[in-house]
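See the structures that follow.
Two complexes come next, and they have one chain in common, subunit A, joined by subunit B in the first and subunit C in the second.
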Partner chain A sequence: MYHLDNISQQKGNTHILHGINLTIDENSIFAILGPSGSGKTTLLNILAGIDRPTDGKFLNEAGQVEKGIMVFQDYRLFPHMTVFKNITFGLKVKKTNSSELKQRAKDIMETMGISELIDRYPDELSGGQQQRVALARALILNPKLLLMDEPFSSLDEALRIEMLDFVKELQRKFQLTIVFVTHYKTEAYMLSNKVAILIDGQIMQVDAPKQLESNPQNLAVAKFLGQANFIEGSLSKDDFVSPVYSGKVRPVTDKGVLYLPFSGQLQLNKTEYPAFKGNILEKKWMGNNLERITIEIDQRTVYCDLASESVGENKIYQFYFSKLPVVF
Partner chain B sequence: MGMEKLSLHYYTDALNDKVFLKIFFRTFVFALFSAGMACFMGTVLAFLFKRNDNPFTKPFFKLAQLPVMLPHIFIVLALIQLLSQTGLVSSLLTRIGIIHSYNSFPLLLNDQWQIGIILTYLWKEVPFVIVSLVLVLRQMDNRYRIVADNLGATKWQAFWNVSLPLLMPAIVNAFIINFSFNFGSYEVPYLLGNQTKEMLPVYIYDLYVQGDYTQLPMIMSLNLILSVFSIIFAGSVLWLSKHLPGGHTGGI
Partner chain C sequence: MAYKKVLKLLVYLLFAVLVLMPLFVIFMLAISKTWNYPSLWPKWVDWGYYFRFLVTNTEIQSSLLASMELAVGTVVLTILIAYPTAMALSYYDFRGKKLLNILVYLPMIIPGIAVLTNMDFIMIKYGLNGSFFGVVSAHTLFCLPYAIKLLYDNLILWKDKYEVASRNLGATPLQTFFKVTIPLNKNGLQGAVMMSYIVSMTQYLGTLLIGDGNYITLSVRMFPFTTEGKYRIAAVYGITFMLVTLIPLYLIDIWVTHKGRKPA
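And then the complex of A and B:
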């Protein structure tokens, strides 16, 4: 288990991180998800020993400071070195003997499927190949902790999914602890069962992806995760009043914003929580047998994802909540 | 003048002339040394000046840009005013009693070791190297040094294996420009050089101003040898630099 103990970072008068407390299980993939400028890279730099926090500590299970090996967002392969020299750089500076260095390079290049690239320079590689070389350069050092900064952001869709699976495979094979930061929630959800949401330098929530989507702890998390309707109204105790919906709610904070995620909250099947009657303005095919429905209620629009062909356009339906809705 | 046929014998004569070869070799070694020294000093200083947020080094970097803009002749005249035996420094030292007469001031201009020429070249070329390299270093920022550090390299290993090779194309570029200038420069060695240790451009020009038109083909062939050698040398340095660490990143 790795412990981030009250880590803060300040540069000049700007507070980048505020008292981050986290525990990260060994031999797992841990995602830190947050918008741009939330302090994700700063946090990762601290785990990599690149930056020192102004306050707090990052310790391993034995209570020692441990430095993770980083795979950078832009890979940062040394442009003047061949793939072989890039990969073996960490071993060379540790003065590993030549035969061991060559053997380990051969093994890791086979694992990464890049043996044929040995004499190429970084500018002769595709984005995907560069990422494999960057991973090999880190993994050849047998790190316990691997850090990845926005690892898939510059890959195209198909390659991204392929690399996500590949990284999972590597994690199992090398029994690594991987901490990666991203601003794409699908990436975080696909790679990790435990996701920390970092917004404005603060950890807002640490949860499994499903829990995050169904129970965001505050409005900032809900807004960042997106894919939801935010309806303003007034709240007194657990009674909410708005042009879209008025009735009982589960208040979480007192800002008076009704949170209706596109999926999972609204349905046509009757429950004990009637929502509203609305006219179907539009249906958009979303793939996976889903349609995004635009519902008009009293000249306001609400979106929700339903199974395809559940509703027809320009017809009025009664909607229900699957559970008592949350108001922030 | 009776010279109506094409002939290469002036070139062969020149290449067999021991005096010419001696001056050629001297000029080559001198240009090489001065350019190398300027690159070495400029590289060291560029690493000191690369941070643009350092309040101490920032004004020095700005100041270092000034000599790049000043013409050589300005520096030559300034050096004559300052460092000749009857110059300002010598007068000042005599006045305050550190040396007892002008003659005790060491011969720094027109001297055997060509110190005056070297100082002029360094004054102009060190800042040129600094300016060229600092721009590259700032563009490079610390990105690769951070990677090297994260992979376990010491500061020296990161400098030697990463920063320096990445800078190599820019250093080679500056070296070629400095060398070519030093090798072909006329006015600086003419004004500050030692007459017994003549440099090639001064030797060629002296031949020319003697007004002997029968020497003209020889002078032209010397000129051409000087120019072709400069080009071949620059090409060879570039070729060599492609095979040095960092050569792949482009050269010039």
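And then the complex of A and C:
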């Protein structure tokens, strides 16, 4: 288990991180998800020993400071070195003897499927190849903790999915602890079953992907995760009043914003929580047998994802909540 | 197309006349035995004169040695100061960065004579006038703006991102400097070394003033010859001057190209 103990970072007058407390299980993939400028890279740099926090500590299970090996967003392969020299850089500076160095380089290049690139220079490689070389350069050092900064952001869609699976495979093979930061929630959900949400330098929530989507802890998390309707109204105790829906709710905070995620919250099948009657304005095909429905209620629009062909356009339907809706 | 070709030819010709002609005249002067007005061409050319002069004349030899010593010393001191300064300016944000940026160029902005007379005053105060270190530091002062600018422009391209990667992979600061910083910025370093060498070689006033006459370099010795009309000797000095400047530059260039990556 790794412990981030009250880590804060300040540069000049700007507070980048505010008292971050986290525990990260060993031999797992941990995702830190947050919008741009939330302090993700700063946090990762602290775990990599690149930056020192103004306050707090990052310790491993034994209570020692441990630094992770970083795979940078822009890979940072040394442009004046061949793939071989890049990969063996970490061993070379540790003065590893040459036969061991060659053997380990050969093994890792085979694992990463980059053996044929040995004499190439970084600018002669594709984005995917560069990422594999960057991973090889880190993994050859047998790190316990591997850090990845927006690892898939510069890859195209097909390659991204391939690399996601590959990284999972590497984690199992090398028994690594991988901490990676991203601003794509699908990437975080696909790679990890424990995701921390970092917004404005604060950890807002740490949960499994499904929990995050169904139970965001506050409005900031809900808004960042998106794919939801936010309806303003007034709240007194557990009674909510708005042009779209008025009735019982589950208040979480007192801002008076009704949270209706596009999927999972609204349905046509009757439940004990009637929502509203609405006219179907539009249907959009979303793939996976889903349609995004635009519902008009009293000149306001609400979106929701339903199974395709479950409603017809320009018809009025009664909608129900699957569970008591949340108000922030 | 023809028009463009003619224009190109004209540019080359202009270049040749402006740059190569004076060089040619100096070259001819150095090997001519008699070349008097108004003859267009030397009456007598002695190819061996230059080399005999170079081998037998002890003054030119000592001047050559003095110039080289000072130039090498200046290059070393300049790089020692310029490299960390350029790194600080390109990698870090700190209070007073803008001021330092201006200070770096001061030796170029303030007239040389004003800087040197004041510097001489300080050197005398600390007993450094006439010493090797004194002269080298005077030369260094005039090399620093060029060296820092050349190194800075190169370092700012990548900032410290590769150094950060190197340190994260376990390299010490020293290993990072020699394995990453220098190889990545060798063009800037080459420029800085060459420029410092040339500036030191051509320093006249600083050498004379701070050196108290202890360092009679090629440029110091050459100056009176040209003003007194001894063009032939001045030409010999001129040729030597060019050779000792160009040969090391050429060697550094070969070294840098050789150390670089092989073409794919």
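Odds and ends about this structure:
We adopt the following convention: the second predicted complex is superposed on the first by the 328 of 328 C-alpha atoms of A that agree within 3 Å, B and C clash if a C-alpha of one lies under 4 Å from a C-alpha of the other, contacts with A are read in each partner's own complex, and residues count from 1 in each chain.
In this section, contacts are C-beta pairs under 8 Å (C-beta built on N, C-alpha and C of every residue); 3 or more make two chains touch, one makes a residue touch a chain.
As the structure is a computational prediction, the values presented were derived from the model and not from experiment.
In the three-chain model built by superposing on subunit A, subunit B clashes with subunit C. In the superposition on chain A, contact of A:159 is made with neither subunit B nor subunit C. When the shared chain is aligned, subunit B and subunit C each come close enough to touch A:94.
In the superposition on chain A, contact of A:170 is made with neither subunit B nor subunit C. By the touch criterion defined above, A:48 reaches both subunit B and subunit C. When the two structures are aligned on the shared chain, A:286 is found in touch with neither subunit B nor subunit C. Once the two complexes are overlaid on the shared chain, A:59 sits clear of subunit B and of subunit C alike. The clash between subunit B and subunit C in the overlaid arrangement falls on one stretch of those listed (2-10, 92-100 or 110-118), that is 110-118.
Where the contact sets of subunit A with subunit B and with subunit C meet, they give residues 48-50, 67, 69-70, 72, 76, 78-80, 89-90, 93-94, 121, 137-138, 141.
Taken in their complex, subunit A has these residues touching subunit B: 48-50, 67, 69-70, 72, 76, 78-81, 89-90, 92-94, 121, 137-138, 141. Against subunit A, in their complex, subunit B makes its touches with residues 143-144, 146-154, 157, 161-162, 165-166, 168, 245-249.
Interface of subunit A with subunit C (complex): residues 48-50, 67, 69-70, 72, 74, 76, 78-80, 89-90, 93-94, 120-121, 124, 137-138, 141. If you check the complex, the residues on subunit C that touch subunit A are 161-162, 164-172, 175, 179-180, 183-184, 260-261, 264.
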